[in-house]
Structure formats: structure tokens, C-alpha cells
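So, here come the structures, one by one.
Both complexes below contain chain A, partnered by chain B and then by chain C.
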Partner chain A sequence: MSFPASVSTLNNYNDLYPDWTQREVSTGTTIMAVEFDGGVVMGADSRTTTGAYIANRVTDKLTPIHERIFCCRSGSAADTQAIADAVTYQLGFHSIELDEAPLVQTAASLFRDMCYRYREELMAGIIVAGWDPRRGGQVYTVPVGGMMTRQPVSVGGSGSSYIYGYVDSNYRPAMSKEECLKFTAEALTLAMERDGSSGGVVRLAVISEQGVERQVILGNQLPKFSTV
Partner chain B sequence: SRASRKRECRIMATVSVCQYHRGGFSFENCKRNALLEADINKLGFSSPAARKTGTTICGVVYKDGVVLGADTRATEGMVVADKNCSKIHYISPNVYCCGAGTAADTEMTTQIISSNLELHSLSTGRLPRVATANRMLKQMLFRYQGYIGAALVLGGVDCTGPHLYSIYPHGSTDKLPYVTMGSGSLAAMAVFEDRYRPNMEEEEAKRLVRDAIAAGIFNDLGSGSNIDLCVITKGKVDYLRPHDVANKKGVRTGNYRYKHGTTGVLAKTVTPLNLEVVEENVQTMDTS
Partner chain C sequence: MSEELFPEPEWLSEEVKTGTTIIAVTFDGGVVLGSDSRVSAGEAVVNRVMNKLSPLHDKIYCALSGSAADAQTIAEIVNYQLDVHRPRTQYHRTFNKDVILLTSPDDNVVVKQKKKQHLHEIGHILNAFEFDKAWDRTVLRKIKEKVPHDLSIEVEDDPLVCSAATLVKNISYKYKEELSAHLIVAGWDKKKGGQVYATLSGLLTSQPFAIGGSGSFYINGFVDAEYRKNMTKRECQEFVVNALTLAMGRDGSSGGVAYVVTIDKDGAEEKCVLGNELPKFFDQ
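And now, the complex of A and B:
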């Protein structure tokens, strides 16, 4: 196909509209979840970007799906919000039918079914974590593509690449709740330091038989590493 | 291979399902556009982006409710198409929505949701909630996968208090105490980040929104003209249009027209043009 020379003017279309007004909103992100005996600890950063602009610097990426089941969202904000809303509805319906608390594995399966069926259209990396009476604290990861697998510790999002080494070397099985919280906060801080698409505050959630405890660690309260 | 399996499935689908083409959005051109884009990219160019109505819109939650603000310029490329258009749309008596992006999309989307919300409100017998309008808008925009270019700031007061949402064309939403959208949103957000405080008084909130929109008007080429405000509180809505005429058209101080008598008349001849009627044809107009 040949085009006239004037087509090159299309590139310079309007400096009036900066690049980020035409980009999709993405939660380029760092998310993490860890199992401990009696529950799970989940953490996420709080940055949502459209291109180079931060659309929301205090996002809550830890979304409740049921009373004791949460999910961490990464990827396209629209896709993950739509999926989470759909799964929340499906799980709520299922729970009323059973007349008992749903299993974390059920929630993860619902996510997996949707993410796999529509894998060509969606861009969503989700970590499902929670507590149920049958198997206690569980973390399931559903990355882009629609695989589902249970892991004792899972990281996701664009910032996760920077902390695989830290997580692999610092994770020990059978950590306590406080150790898990410290481990998660430090891992997220390190990722936020290095990844441009992650930042803001650290949001943490602890899910156990007793319920859900939520925390926010503000920028100036984050653990300090290098003094450079 | 995976690619050939996908092709087989598509062929089977068109054979087994007979669908009448009803009205509504036709996605046929999307495939053609994708092919064109691929061809253009191969030559090293990028395809033209969708046209937007460069805008500054914003909203803020204050003590008694929300204040929404917008500029009034609508552009077609580099030309101002409308110097005083209204960007704050009615959704329900207690919920209003500012729209940035493609003007037609914001207009029609807000009208559709306003209509559906009125029916919903009659069905429930209650005043509609902002969260309901948010759900309806995000589900519609997600369904159209970003092809409806509507970036909205939705605000209102309902039985649960004042709420403010920003809604993006792909269907993601953020619930925040202050939001800005449009090409002038960076300028407006700079003002908000500097001076926003929780639980402001009405006058302070109006001044803050007015200044944020003014920052967009004077620093962004896509925004201009006047500042419209909409103050929503429990039981009352103040639609201030215009709240501030920031750009008044100037008065010309000089005139290029010459006065009568500037050029002296030396001689004057009048020659009548005599026309002869050749043919007359009468056609009656059907006024029945």
C-alpha cells in the first residue's frame, strides 16, 4: 500500500493533546501475597498510570471479593475492575446458594475461568488470597494468560521483576504474621524504589479467621534501605 | 496450530448463528482499521488518533457536598468550534457529570445513563445514588472497550453523603476527594495538589475549582473561554453558568473603514439596464 507524502503530517497531530490523554489506564504495579499459619498477608502499592501521568496516587488495589477473600489487581485498570466486579457477584451468589463461606480456591477458579476464556481481550494479572475454614490461609496466582496455581508466596505486576531475588532469598516457611507483614512491606518498598510505574503508599491487609485488618504505610514511614 | 484452530472456530460460529443486524455500534471497521494501521506502521508512519475536545474538567468534595467545574471551549483540531458549550451534564436531580473527550460520546453517554437512571429511580422509589450512576457508566464504557471516548467526572450527593468519581474511556473508575480530567487536567491538578484541604467551606471550594479551571484555560491550548460551576448539596443544586467569564471578547479601538466623503466624486453617469421579458413561467407551491 502506498501513501502520499502528506501522510507524514499525521504524526505531528496536535501537540494540543499530550500523549497520556490517549493511553489506556494501567495499574503498572507491585502486588504481593504471603501465606502464614492462620491466614494471609497481602500488599500492594498505590499508583495508577496513563502513560507517564499518574492518574491516581492513592489507589486501593486490594479489592474485597468476599468477607475473607481479597484480590490484588495488576494490568489494565478497566479490565481488572470489571473482572473483580463480575467475580464478586458470582461468588456472592454461590455463597448464598451454599449458605456457607466460599472457598478461596472457588474464587480463584472463577478468576481463572474468566481470565482464560477472554485471554485475547484481557490484560489482567491477579493474585487471589484469603482464609477459609477448610484449608486456612491460601494464596492463588492468576497471571496474564489465565493459568491458576497455589503458591505460599506470590508477587506480581511490573515492579515484581525487581524483587524476585529479595523474595526468594528472604522467604522462610512458617513465618509469623508480624514477620510476614515486615517481609511484604520491605519487598514492596524495594520494588517501588526501582519501578517507575509503582509508588505512592503501601497498602497491607491481613486476612484470618478473626477477619480483615487493613493498614496503610505512608511514604515517609516506609522502611529505609540505601542512604545514597 | 493455534492460529488455524481460531480460524476454524470463527467460521463455525458464523454458520451456526443467524443474527439480524440491529441498530447500534458496528465494529466492522475495527478490523479494517487494524489492518490499515499495520500497513501504515510498516511504512514507518502512525495512524491518526481519535479527535478530542481538549478540555479542563474537575471536581472536589467539600464539607456539605461537591463542586464540579468545567471550561467552555469545544475544538475541532486547531479551530474553536464552540466558544461557549456546556460540559456539565445532568444525570439526575442530585447527580451531575462533566465530560471530556469526544463531545458526541460524552453527550450521548450521559443522556443514556440519565434516562436509565430515571427509570431505575422510579422502579426503586428512591433518589438515585452516585455509585449507581458510576456502575452504569463504567459497565457501558467497558462494553465498548474504549471506543466510546468519554472521560467523565461524576459527582453528586445522595443518602450516603457526597461522592466524586473519575471515569476513564476504557471503563476504569477512581473514587477520590478531588479529580481532574481532559487535556488541561495537569494544570488543574497542580492547583488542587497545592491548595486542597478536606472539609472546606463552600466559598473556598468554589474558589479552588474556579482557580483550577482557570489554570487549565490559561495554560492549555485545548481549553478556554468561560468557567462553569455546579455546586451540589443535599437538596439543592446551583448550576452557575457562567460562573466566571474569564475571557471577554475585546472591543475594537480602531476602524479600517473610510468615512463618507474621503474620496471626492468628480463625475457621475447613470445608465439604466433595460431588460426584455422573454418567457414567463408560473409554478404553484403545494401548500396543502
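And now, the complex of A and C:
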């Protein structure tokens, strides 16, 4: 779509054209991944915004990169989709050459190489998580700027600031799969309540040796925290 | 030429901010306030042990955040205004216009407020001293003699927490373009027990608990999840210390020690929790 040159550029607020026609599409979001013994649990909210307009309220931000490797995307929707597509291609090619399942660390390194090389042009914060036979469940975080580090639990996106305290206090090493699912759902719910750019439903994925199980928790089924 | 070789450190010209974490929680019978102790000017920490919990009255404290100068000044002004509640008479020629006068109709004096009861209930009535007008002593004496018991024109009694909060709010709102400070006012009074008021940029709202400062963003999720109504005093103090510790662990502008003040009907008790006594959370 193109807009006439009379659209004001000094002041981005222009009554003739709604806010969302002038803003980039962003996944201001909350994403999270947790390792447990035997796999990982990943979660994300489902809101994509263009300024104040919610372009998609049921977005799937958990993108498959390989059979047992997923990534959670945050930042600019266009940038993260493009990077994820590129890495999916590269990883698929690499795994055919190796003739075995790729390592999660390889996928994370590919993300990191691209995010670091093009760091000036990109706005992407990605959490890579999955299971491989060599090291089990792993979570790697590749935030804006292009560093990569492995963490047992990682949160990202605009809503993550609000739940650092909650995650720090409630995470314990060696949680079971069910505990991790509950922990992730509660943390995402708290962030969605406080962050305007996160909301909708909670999408969860569990990756283990057996494969991938996906779940959706709808708005009315979210855990309730009320201070009234 | 020497300026180029040794550039002036940034912190000499940066404004001093209490980028901070403050929290106040009510429990049945009082309130608990908590704050960290770091004051920063740019990247330098100019004071690592500042107590940001400032008394406004015996049983009313406020927690400071934002620009250190602005917050301290507001607290001092309101402390001075509330000083008239001390059990001794004071006469002031000029006063801040945030104090509203209340009189009875028999005094034959001009009164500007319309609904006295309404003002009393929402805490605007502070005391019977006038401001900025040269009234003579006879009027003031008549006013003090005729204090009815159902109105809070109490010169000798403790002020209501909502009165103190209203004074803070009035200053914050009136000068909101020039000031950048957020104070949380909390205390105990006879009428409503423990109360917490947030006065961010000039709004005034009473809440079961309030958090503020740069570090408070990181503990929004934690306090939403962990706060329960009807906690005991002990549980409240632990909740405050845990929240401060988590925020100090994630926010670069919060740190140092944790100051905790507990206010109930018997008075205010100040406590300082040193760094090595703070609880430990998962930290890898």
C-alpha cells in the first residue's frame, strides 16, 4: 500500500490516516522457555500489534525450525519470520548432510550468526529451544544485538520485564514437566496482564524425545491472580 | 586543553535520581513500607545507603522515587504542613494554598467550600488554620473552640493518611510539568487503619499495596502473584523484603540495603536489612 505524500512526516499523528497504517508490525510480546529433565517447555502469548491496532490476536509465535527444535520470536514480525525461514533452510540442509538430527546448539548458532551480522538492520529477540539426543533439553537465548547464551530458564519480549521477579523467585532446578507447564502458563499470564503489547491466548509446546506436544490455553482458562 | 585529555565525568552534570524500588503493603492493623538504598547520577552511585522512607508524621511515612531533589522537597513541604498537627498551637502568616479552611456557619466568616462533609470524608480538611489572609486572632480562636467531634478539624489529633496523601498529590499535580517524582504515602490512622496511597504524577488512589520506581517493573508479576489479602505483619514484612531483593537483583538503579518501616497503632518501627541478610533466589 502506498500513501500520498501529504501524509505528515513531522508529526506522526495524523487524523486522516489511522495509527496502524503508519506503524511497523511488531510482536511486542512475552515469550518463555524452561528446561526440564528430558525436554523443554516453551510458551508465548498470541498478540501482534501495529501501533495500537492488534493485527493478529491468535498469532503463533512458536515456530518449528526442525523436528525437535522450535524458536520463540519477539521483536519485528517481519524480521523474525525472515530469519526463521532462513535458518530453517540452512538447518534442513545441514541435517541432510549430517544424516542425523541437528543439535539445538547448531540452530542457536545459526540464529546468532544472522542476528549478529545484521544487527544494525534487524530488531529480533529469539529464544531457541529443543531436544537432541546428545544433550537432552536445552534453551538458548539470542536477544537483540546477537549474543547467545544457554540458560535453564529464559524470558523475552516486552512483557518479560514484568515477570523477572516472579521467575527468579519461583524457578527451581529439576522441576517436572507438569510443574514447568504450570510455571510457564502462570508467568505468561502475569505478563499479559501487565503488558499492553502482550495478550490473547497462551500457546505452549513441550519438546522431548517422544516429539512435540502443543497446547493452547484460552483466555477464560488462564490462571487467575486477583488483587481485588 | 586539559578538558580534552581528562573529560569531566558524566556524573558531575547528570541529575541525581533515585532510580529505585519502593513498595508499600497494607495488613490488618497497619502498613509495611520498603525501599532500596541506591541513589545514582548517571552511572555513578552517589549514595549507597540512602533511606528513602521519609516520615511525614508519627504514623505516616512516604517512600521517595524519581528525582531525588524533587522527592525530598515534596516530602519536606508536606512534613512541615503536617507539623501543625503536633499538640502545640502555631500561627502562620502565610501558608501553602493546599490547606483548606473549614468553619461553622455561626462564625460569620466567608467560606468557599460547598460540601463540608464530602470534603471531610475524602480527606481535604486538614486543620483550621487560614492561609494568605490577614485574619485576626479572634476568628482563629473561635474556630478552634467550636470543633465539632464529627468533623476532622482536629488540631491536636493525628492527621488522616488520606489528608497527607492529598497534600502530596496537590503538590505533584500542580507542578507536574516541572517535577518528576513519585511518592507512595502510607500510614495508620484511627479512622481507617492501615492505608496505602499512590500519587503518581498527581493522581491519588488508595490500594491494598503499591509499587514504584524503576525497579518495580521487574516485580509486577511477582507481587501480582504473591499478594494475598489478610496477611499477618510478619508475612507482610517478608513479602516486602522478597520483592525488594528480586527487584534489586534485576534493576541496575536499585541496590544496596533494604529499609523496612512497619507502622501500626503503636507507632513506626524502622529496620535495615543488610545485603548479606537478604534472601537468596535462584541466580545462575
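As a working rule, the second predicted complex is superposed on the first by the 213 of 228 C-alpha atoms of A that agree within 3 Å, B and C clash if a C-alpha of one lies under 4 Å from a C-alpha of the other, contacts with A are read in each partner's own complex, and residues count from 1 in each chain.
Note that in this section contacts are C-beta pairs under 8 Å (C-beta built on N, C-alpha and C of every residue); 3 or more make two chains touch, one makes a residue touch a chain.
These numbers were taken from a predicted model, which means no experiment stands behind them.
**Q** Is A:48 touching anything from chain B or chain C once the two structures are fitted on A? First, second, both or neither.
**A** After superposition on chain A, A:48 lies in contact with chain B alone.
**Q** Quick one: chain B or chain C, who's touching more of chain A?
**A** The partner with more contacted residues on chain A is B.
**Q** Check whether A:171 is in contact with chain B, with chain C, with both or with neither, and answer first, second, both or neither.
**A** In the superposition, A:171 touches chain C alone.
**Q** Figure out whether A:116 sits in contact with chain B (first) or chain C (second), or with both, or with neither.
**A** Touch partners of A:116: none, neither chain B nor chain C.
**Q** Just chain B (first), just chain C (second), both, or neither: which does A:82 touch?
**A** A:82 sits against chain B, while chain C stays out of touch.
**Q** Applying the document's definition of touch, where does A:59 land relative to chain B and chain C: first, second, both, or neither?
**A** It touches chain B, and chain C stays clear.
**Q** Tell me which partner A:161 touches in the superposition: chain B (first), chain C (second), both or neither.
**A** A:161: touches chain C, not chain B.
**Q** Find the residues of chain A that appear in the contact set with chain B and again in the contact set with chain C.
**A** In chain A, no position sits in both the chain B and chain C interfaces.
**Q** State the interface residues of chain C toward chain A in the complex, per the touch definition above.
**A** Chain C reaches chain A through residues 208-209, 217-227, 242-243, 246-247, 249-250, 281-284.
**Q** Which bits of chain A are touching chain C when the two form their complex?
**A** 151-152, 161-173, 186-187, 190-191, 193-194, 225, 227
**Q** Hey, which residues of chain A end up touching chain B in the complex?
**A** Touch residues, chain A against chain B: 1, 3, 7-8, 10-11, 13-14, 16-18, 21-22, 24-25, 48, 50, 53, 55-56, 58-59, 76-79, 81-82, 85, 121.
**Q** Touching chain A in the complex: which residues of chain B?
**A** These residues of chain B touch chain A: 39-40, 43, 45-50, 52, 54, 75, 77-78, 135, 138-139, 141-142, 145-146, 151, 166, 168, 170-174, 176, 182-183, 186, 221-222.
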